[in-house]
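One structure is given below, represented as structure tokens, and several questions about it will come after.
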Amino acid sequence: MENKIFEPKIVAFVCNWCTYAGADLTGTSRIKYAPNVKIVRFPCTGRIDFMLLLKAFGEGADGIIVSGCHPNDCHYTSGNFHARRRWISFRSLLDFLGIDTGRITFSWVSAAEGAKWAALVNDTVSRIKELGPYTDYEKVARYYEEEVNHE
Amino acid sequence: MNEYQTIAAGLLSSGTAAMVIGYSEGSAKRVRPVFFTRPEEASTLVFDSRCVQNIAVYLTKKEIRTEGKIAIIASLPVMRSIIQLASEHQLSEEKIIVIGITPSGEVKQFNGFDALDAYVSSTTIEIEARYREKIEQVEKMTLTERWNFWKNELSACFKCYACRAACPMCYCTRCTVEMNQPQWIPVPSHTLGNFEWHIMRAMHLAGRCVDCNACAEACPLGIPFNLLTKQMILQFKKDFGGYNPSLKGLNILSSYLPDDKENFIQ
Amino acid sequence: MARIGVFVCHCGENISATVECDKVAQAAAGFPGVVHSIDYKYMCSDPGQNMIREAIREKNLTGVVVASCSPRMHEPTFRQACSEAGLNPFLCEMANLREHCSWVHEKGEATTKKAIDLVRMMVEKVKRNQPLYPIRVPVTKTALVVGGGIAGIQAALDIANGGNKVIMVEREPSIGGHMSQLSETFPTLDCSQCILTPRMVEVAQHPNITLYTYAELIGLDGFIGNFKAKIRKKAKSVDEKICTGCALCTTKCPQKKIPSEFNEGLGKRTAIYVPFPQAVPNKPVIDKDHCTYYKTGKCKICEKVCPAQAIRFDQPDEIVEVAVGAVVIATGFTIHQTGFFPEYGYGRYPDVLTGLQFERLASASGPTLGEIRRPSDGKIPETIVFISCAGSRDPAKGIEYCSKICCMYIAKHAMLYQHKVHHGKSYVFYMDIRAGGKMYEEFVRRAITEDQVNYVRGRVSKIYERDGKLIVKGVDTLMGAEAVEIEADMVVLATAGIANPGAEELAQTLHVSYDGHHFFSEAHPKLRPVETNTAGIFLAGACQALKDIPESVAQASGAAGKVNILFSKSELTREPLIAVVNRSAPPEYSTCVGCFLCQPACPYQAIEKEEIKDRSGKVIKTVARVNPGLCQGCGTCVAFCRSKSIDIQGYTHEQVLAEVMAVLEND
Amino acid sequence: MNIGFYPGCSMQGSSPEYNESVQAICSALGISLIEVSDWNCCGATAAHNLNRELSLALPARILAHAAADGLEEVLVPCAACYNRLKMVQHEIGADRKLQDSISEILDEPYQGNARILSILDFLERDVEPLLAEKIMKPLKQKIACYYGCLLVRPQNILDAKRHEDPQSMDHIMQLLGAEAIDWAFKTECCGAGLSVSKTGVVAELSGRILDDAAHRGAKAIIVACPMCHSNLDMRRKAIEQHRNKDFDLPVMYITQAIGLALGIDPVKLGLKRHFVPVNLEL
Amino acid sequence: MENIHSHLGHSANGLLQEIRQQTAVNIQACYQCGKCSAGCPLAGEMDFPPSLLMRMIQVNKPETDEKVLGAYSMWVCLTCNTCSSRCPMEIDIPRVMDHLREKSFTLGKTNKKASPIIDFHKAFLKSIEVNGRLHELGLIVYYKMLTFRLMQDVMLAPGMLLRGKLHLFPERIRQRKQLAAIFKRTYKRRKEQEV
């Protein structure tokens, strides 16, 4: 098991109208990319709760992608602007806590940017591969499991 | 009797206020919050540097709300809390008289929120130097050092929620930690859950925290989690020009500017 | 207990070439709650859909996951199939095995494993789905058209001719807007009033149109299909029902020197006045600010001379409330006045005019009866200079955008001038000629080649007056920026088109967004150019951005079409994927604490305050409520709610969290 | 009332009458001016043409001295010096890095907070309200107020109102009883910095100004800048030769005009120093 | 053979970029309306009126940059700010002119016709460096030495003297050493920058 090549687990939180559609376009254009990323679909980046990112890390994600419509292109006019403010503050908070924000890729990918989606996934995967498995956060979780088992 | 005692006694004896919330001498040279309804009690009111507990927290309690008109001895952080709570529709103007005591010791009675709002808006939230230094110290650490620092600090937390109880802004009738469908935050206290709790708390106070320190003062273990909200206040100043509790302004996270600046979205 | 069916599609070979579909189906069969799992060549084909329908009936499924293509492709298909078999369509989810897996990864174990993970996610999600039902909203089939210029007129007529009622509100005493001020129109040079006035009359006479002139919209509540509009009808001081429109009063009024708005200040009007002879309605109003009686309490000459005794000095403003199902905003634009330009004399030279003033000079119904004459001394100008981009493309002082219509009307002005003053010399200072439009470029060429208009490429730096001449200091950038100085008799500035004053307030009244220049914002710059981001409110004409007449008319007809579609049914059906604030039993009623920080975050003003009252009617609690007519389902409020009291149907906390857990489940 | 005062080289060199008239009206109105200690030249056009750092450092030294003297505001009557000081304040004030760099050159920290008053700011605020009662000899002529470039541009930095058609001098002249004409060359350039090196250009530019003022019936030109004055007055012969036309049009500083109206002796106002004699029956 | 038909260059460190970096003026904002040239009182004297100069910088080619640095335009520019006060794009042309003058002067690429103007500026600065304040007579004498325009303005001098407008002896400031040091430091910096 130890010798197995590290394949990071990455969750992508994307909006329905731009990035999800962009990833569809990557498919219809048959552009290949790494299979490590799995997409959770949301109506809008404005819907993405910061708690979900924490839960993903807590459940063992090695990396996270958050992506939506470019500024001014939001299907709902301003959801992505709200999201941007949320990420600006959340990201600096995580950094202050010593949680590696390099493991979260924030991006704008439009419905026309199929190639950008593929590149984004590949970049993220290779970056996370370099960083290695995210154990910091998981370890504190495991510590708990061990303790429970101990009892 | 001094000025605020006289005002408090007057309000109670005239029946203008049904209750005065303030501080009085407690045990072991500490002050305790008091809820006076009789004018003669007013002479035991105290106000000094020991009065750090944010008594605005009581204003949203159901027991207090039904009491009629409340007067409150309010330090600047308490005044800020009142304005913030008012902007969140938690307090009604007719039911509160603020006997404000400014940082310079001046006693100012506010009968309406507009005047209080104007006063609060004329001040700004400044993070004390000792906390700024501590924050800088943490920021200068490497990522791993920071992680270890916080892991160490937060592993101690046993989720007594004293911080939540002390905070006037934590007035939700059902806190997210008490939600079990889905269970956002695990009930037992372990480091991961503690992280989640404190991150969530900081995010929920984003743009709302009045920096009164009541949470940290309340923590039985002295965990410096108030650095999180303080760091956010400093960061907001850099990113969005800062905030001040106000009846007119918008909350930092429920508003935006089309040209908000960031450098990390690819 | 959940009874989930999983249907894995090969999509011919589109999926099965890289994903081992049978293995996916096998793995899914082992997921908790899955009672049926198969794979098939084409799930979207008739036999495929039948397999789903049969399984629902036979195995009593409580949820369906179709693992095939993108939900953006076939979600409606499969939801329909489920619905036909008696399963609520919102209990069907799709795992995107094609666009997000088979097409983008190489064949191999990892790809099949990812496909299994994607199916697991959707199984976990669908277990938490709730049956949802489309939202129905009744529709009031009356449209409110705000603004009676050419765009408003067109929209109103189209809606009315579609069989629906229209209420038109116009701020001025007459409808007609800027188009009624124009002399001729480009590129055909036909007379503006000749084509416009019949339509104005049609509006007034149409049985489906109610016209309120001299009136303003002061409030709008409600939502698509169900708005309530508040209109202030300013007192005209004339009983319209009795007035015959003889206009005798206007000839006797002693206040004769009021600058005429219709003539852009180049002519005068009286205090009781009809803005122009072809006005609709053709009945006078009293301008209270200038009327001698209203100012001094004495006069009443109009009352004395009125043969019909229609003058009513004590008439009050009237506020009417109307129920409407849709709103068309057609409030138009205005222009910078000459006083805006320091370097062109701050408006102190009477012979420096705006384009709209020149229209009045050139118009047969204008103050000079169509002869081009100088306002200062009535002389016919021998040399005339037209300056384009006065204020436009000038972020330093004016606006950064191009006003779009000026290049064309300048060419028209120069042409009209040359046609009327044969020996005259005309110059146009321009930077670029923007003549994109049918027959537009040809029109400009004609001005240059046939009518001898001198086009000079460069901007004018200064105008000053000397001995009755206007010295125009420009440059010819095509001659190496050589100085060009012209002694002109008249200068016409193509001043920038800007949003109407009050547009900002109106936008706030209507809760529609507007841009930095106070033009109303369309819902999507390309695909939804006539809608606003508030459902049921549409845009027509120059209030959205500067446009010429054909474009305004086209957009107005577009808006009218949208309104008529909306009115084609008596009820509106909407997908139920909207936000909901929870409700629970007393004494809590809801976990919402009513902080309303979600309110400013909602792009649609869909969050309302709801007062929860006890039996005696006393308010116990004020909590948030999402108006299902307004909510578009973005979910921004959901992420913002601290107590997690708002959830969004179709993307609930439980659903998305289950998806995240399922992705990361260890195997 | 104590106001700092920076005369600048011109007022001590080629335009002593400007200084004399400023001093004369101030003492007549009871306003005292405190000269900035050991002031230096602002560097004028030469410095910013050849040496940007010097063009910032020289005015910065003046500001530093004003600060050391405890002056909160400084009146700078010379339009050129005023313009340089305002520009430097604007540029350095907005740029931390530049501030450090200039402090290094000065070898002392940059202190540029003194409020710089132009002669027009000063007259409008401090002199205008006192005038009504003190006017002894109203000036009844048609005059042309000439502002030039340096008092009005860049309009944003100088906060110039109605910069293409300024009015502050016109108002004052009207208060003094004169008729201020509307004319076209109020803010055109006279050629200033080229007066020695390209005299021909100056003759052309200044000539146009004189021509328009004379053409519109002005009997005098009122200025507030030593360069404008010297170009229109001292170089009159050259202008007249260049245009082949004589102008009977004296040029006065606005402070001289105020002085005359206040009844101050023309000699004390330096009116005898002009090349074009001033008709005292104005 | 590439670019053979194109007059447009692609310098990565031409005047265009340099001016953007050092003065924060973005010349690419210019859309050649010509209003600056139309209002410029000196445009007639210039070899390239301001708008043309902006275009040449936009062209962004070493050859045109050379032409710009050797231009006469900036030396007759009087910084009257008429151009920038009316420029629709708020391009600070006077600031660009300052930059061009200093650069052209430092690199010794100044236009020959400009030497009297430059000599005058030099003489002016010399006078300040020595005295701290301008000494007009000294300035004129020094200028005449530099330009050999011995007779120019001779006719003015007696009149000026007579009217107290020309002083035989300079006014000097007290801290002349300190001022001289300021001059020296700026020269030193320039030398360092050249290196």
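Chains: A, B, C, D and E, in written order; residue numbering restarts at 1 for each.
One rule holds in what follows: a contact is a pair of C-beta atoms (placed from the backbone, for glycine too) under 8 Å apart; a residue touches a chain by one contact, two chains touch by 3 or more.
In this text the structure is predicted, and so the values were computed from the model without any measurement.
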item: Intersection of contact partners for chain B and chain D; value: C
item: Any chain that touches chain C and chain B; value: A
item: Busiest interface, counted in C-beta pairs; value: D-E
item: Label of the chain whose CA centroid is most distant from the centroid of chain D; value: A
item: Most distant chain from chain E by Cα centroid; value: B
item: Per-chain CA centroid nearest to the all-protein CA mean; value: C
item: Euclidean distance of C-alpha centroids - chain C vs chain E, Å; value: 52
item: Whole-Å gap separating chain A and chain D, where each centre is the average of the chain's CA atoms; value: 65
item: Intercentroid distance (Cα basis), chain C paired with chain A, Å; value: 36
item: Overlap residues in chain A, where contacts from two or more other chains coincide; value: 50, 55, 78, 82, 86
item: Where chain C touches two or more other chains at once, by residue number; value: 343, 462, 601, 640, 653, 657
item: Touching two or more other chains - residue numbers and ranges from chain E; value: 82
item: Listing of all chain pairs that touch each other, if any do; value: A-B, A-C, B-C, C-D, C-E, D-E
item: Of chain A, residues touching chain B in the complex; value: 50-51, 54-55, 58, 71-72, 78, 81-82, 84-101, 105-108, 120, 136-137, 140-141, 143-144, 147
item: Contact set on chain A toward chain C in their complex; value: 7, 9, 11, 16, 20-21, 23-24, 26-28, 30-35, 38-44, 46-50, 52, 55-56, 59-61, 75-79, 82-83, 86, 118
item: In the complex with chain A, residue positions of chain B that touch it; value: 135, 138-139, 141, 143-151, 155, 176, 184, 186, 188, 190-193, 195-196, 199-200, 202-203, 206, 227-228, 231-232, 235-236, 239-240, 252-258, 260, 262, 264-266
item: Of chain C, residues touching chain E in the complex; value: 343, 389, 393-398, 431, 457-462, 473-477, 480-484
item: Chain D - residues contacting chain C, complex; value: 162-165, 182, 184, 212, 215
